[in-house]
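Please read the structure below before turning to the comments.
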Amino acid sequence: MSIKKMAFIVDKMPYKSETSRLALTHAIASQTVEIHLEDGENVEPVLAFIGAGVLNCLKNQKASEVYGVTTLESHIQNALLTDIKVLICEEDVKKYGLTEDQIIMDAEELGADITSELVPFSTIMSEMESSDHILFF
Amino acid sequence: MSIKKMAFIVDKMPYKSETSRLALTHAIASQTVEIHLEDGENVEPVLAFIGAGVLNCLKNQKASEVYGVTTLESHIQNALLTDIKVLICEEDVKKYGLTEDQIIMDAEELGADITSELVPFSTIMSEMESSDHILFF
Amino acid sequence: MGKLTIGCFSSLVGSMTLDFAVKLAEAARKKGHDVDMWLSGNGTMLSKKGQRSFKDYSSLEKTITDLVAGGANVTACEACAEARGFHKEDLISGFGRKSMDWYLASCFSADRVLHIGGE
Amino acid sequence: MGKLTIGCFSSLVGSMTLDFAVKLAEAARKKGHDVDMWLSGNGTMLSKKGQRSFKDYSSLEKTITDLVAGGANVTACEACAEARGFHKEDLISGFGRKSMDWYLASCFSADRVLHIGGE
Amino acid sequence: MKVGVFLSEHVKSNDTLDRLRAGSFDVVLVQNGVYCAAIKENGQASPVLGKATKVYALSEDLVSRGLEPSQVDEKVSVVNYDGLVDLIFNEFGKTIWL
Amino acid sequence: MKVGVFLSEHVKSNDTLDRLRAGSFDVVLVQNGVYCAAIKENGQASPVLGKATKVYALSEDLVSRGLEPSQVDEKVSVVNYDGLVDLIFNEFGKTIWL
């Protein structure tokens, strides 16, 4: 049994480029990575939003209606739906004057069992330290 | 006789993207714009480097040897060779601790008659104000 | 009514800059203004035909084809396109492909220019 | 000797990021390391064949073809490529085209990963 | 006529913006620049809002990012693409995209 | 083993760099990040140089930009692509590209 932990860290804003979008789609690809691996091998992703990256987590994004492009909101909900651990830096959320009710915390209406977690930066730091590889988006 | 003055302002660094390179090539395209215009019509370009954009003007760039890509240095020399007014913000040159001998001031070896000019930001501001259009690269 | 020239130098599928430029062009056309659009640098990607539509990307091919059919000029920088491996046959029908002086000439006769540079 | 996986997500002709990634891959191969390179987002442009060589752009097609011939794996993200209108027949010979899980699997077995994100 | 200065990124400051002649320009917040209109940092409104007499923000880019026009700073006028075209032709003589 | 933090832009500060645990990482200046190694601003060396015990700069990216390895701050070690590969395999356990 060999699990490699990979930290997907998003510190870029949404919608400038597709950077944060690719973080989500690549993290979700861990669901199908087994087809490339041996029995008992797997990848465990952890996804964390820090700095300006927490702006990806604002609720009620309407980019789909306006620009016809999937919102980061729906990507984050998909990540929760596929049981990916989603961490959001609470210091940065606070820095931007945001409250928990403005932030995407769950994907209940899609049937997700887990929720995202507002955690101190130190927790995200520990996740990076215990990861085998760090992918900064 | 109708002349439109266009200010090409570069405030981005070289070599991150091709932004500053495109400022140079578009400014130099003013040499051939007449084919699209009526008799007596013309475009008068002025090219100015401000802020971090002055780093495009450092001498002895070796990007051609290392990466096989034309240097910004040779583009600036080409601009001088085609008699385009090249202004460099002297406050910003000073801010970065650079001296005139580190900056591309002429293209004598190519046979250019004019030199670039270190000028205060206020001069560049006046050029923008007297231009018909401003293109910020 | 006036003429607006929009220069779009910024990338590309995944960037919202081309979306901005196209929406602004649409709004200007609806108000009866003439619109020229110049695609240079990574912005030339917009001129590539055959981009497959995914929900993850705004797909601009139809919108901009309609825009061109409605009278807007959309022209891509020839050298920038060739350097990216987009040849004449890759160009969306109705788009132009010109050298950089076309943009300057378009600016010459424009009432307003919005030059979108940057990365 | 180890295995280095380089993920290059950043654009494109005109950006020096692909140049950096290719030079680093070359240096690693010369030292006998295995190299996987993943091209995603705007980085997929590197996989497009037929890019015309201009002095104003570093032309990487030959360098990277040599790199592949010498044993490096270079694989482009299929969805990212399709969204840009690069189809299978546009792929430089010897390059791979896979879904995103290929990259994660490559990271799984890599000793070192350099993930170049950003814009 | 004024210069229309378009700001497309969420920055705290911009050298050029600081050096333009006061009163000679308005600011238009577009793309990620719209965060300047609605997001405070450590309780402070974006310094960018203090740089011009008139500051506009694009409604389509606000709502795309989950920001309501009602959330923007009182200093900021919200316009849509239609309004932006009118600004370009009627209020601005020239534009700068920073 | 340390984390190798790659900095590819000429910035004065970076939030993540400020928050990483001191001593846990080295900084590698590449692409436009190399300006931090050789260009002072208002007489001050880049604050980035004070963030890590070891700071490296890529020689190929220095000379491409008209900067001589002799011009870099004494705190900075100049490496080429070959040296960078060795750093990645021998000094760094993980990398972060900021």
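Going in written order, the chains are labelled A, B, C, D, E and F, and every chain counts its residues from 1.
As a convention for this text, a residue touches a chain if its C-beta (ideal position, glycine included) is under 8 Å from a C-beta of that chain, and two chains touch if they have at least 3 such contacts.
In this text, all values refer to a predicted model and were calculated from it rather than measured experimentally.
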Original post:
Minimal path length between subunit B and subunit E through chains that touch?
Top reply: 1
Original post:
Which chain is most remote from subunit A in terms of Cα centres?
Top reply: B
Subject >> A-D or B-D, whichever has more C-beta pairs in contact >> reply: A-D
Original post:
In terms of CA centroid distance, which chain is the most far removed from subunit D?
Top reply: E
Original post:
Cα centroid separation between subunit A and subunit E, in whole Å?
Top reply: 29
Original post:
In angstrom, rounded to a whole number, how far apart do the mean CA points of subunit A and subunit C lie?
Top reply: 33
**OP:** Give, as an integer number of Å, the spacing between the C-alpha centres of subunit E and subunit C.
**Re:** 24
Subject >> Residue numbers of subunit F (touch at least two other chains) >> reply: 31, 60, 94-95, 97
Original post:
Where in subunit B do residues touch two or more other chains at once?
Top reply: 15-18, 25, 67, 132-134, 136
Subject >> Of all residues in subunit D, the ones touching two or more other chains >> reply: 11, 13-14, 16, 23, 41-42, 56-57, 79, 113, 115, 117-119
Original post:
Tell me, which pairs of chains are in touch?
Top reply: A-C, A-D, A-E, A-F, B-C, B-D, B-E, B-F, C-D, C-E, D-F
**OP:** Quick one: which bits of subunit F touch subunit B in the complex? Just the residue numbers, please.
**Re:** 9-10, 31-32, 35, 39-43, 60, 63-68
Subject >> subunit F partner contacts - residues on subunit D that touch it in the complex >> reply: 2, 4, 16-17, 20, 23-24, 26-28, 30-31, 33, 111-118
Original post:
What part of subunit D is in contact with subunit B in the complex they form?
Top reply: 11, 13-16, 19, 23, 55-59
Original post:
subunit E touches which residues of subunit B in the complex?
Top reply: 9, 11, 50-51, 121, 125, 129, 131-134, 136
Original post:
What residues of subunit B sit close enough to touch subunit C in their complex?
Top reply: 4, 6, 12, 16-19, 22-23, 25-26, 29-33, 35-37, 41, 43, 45, 132-137
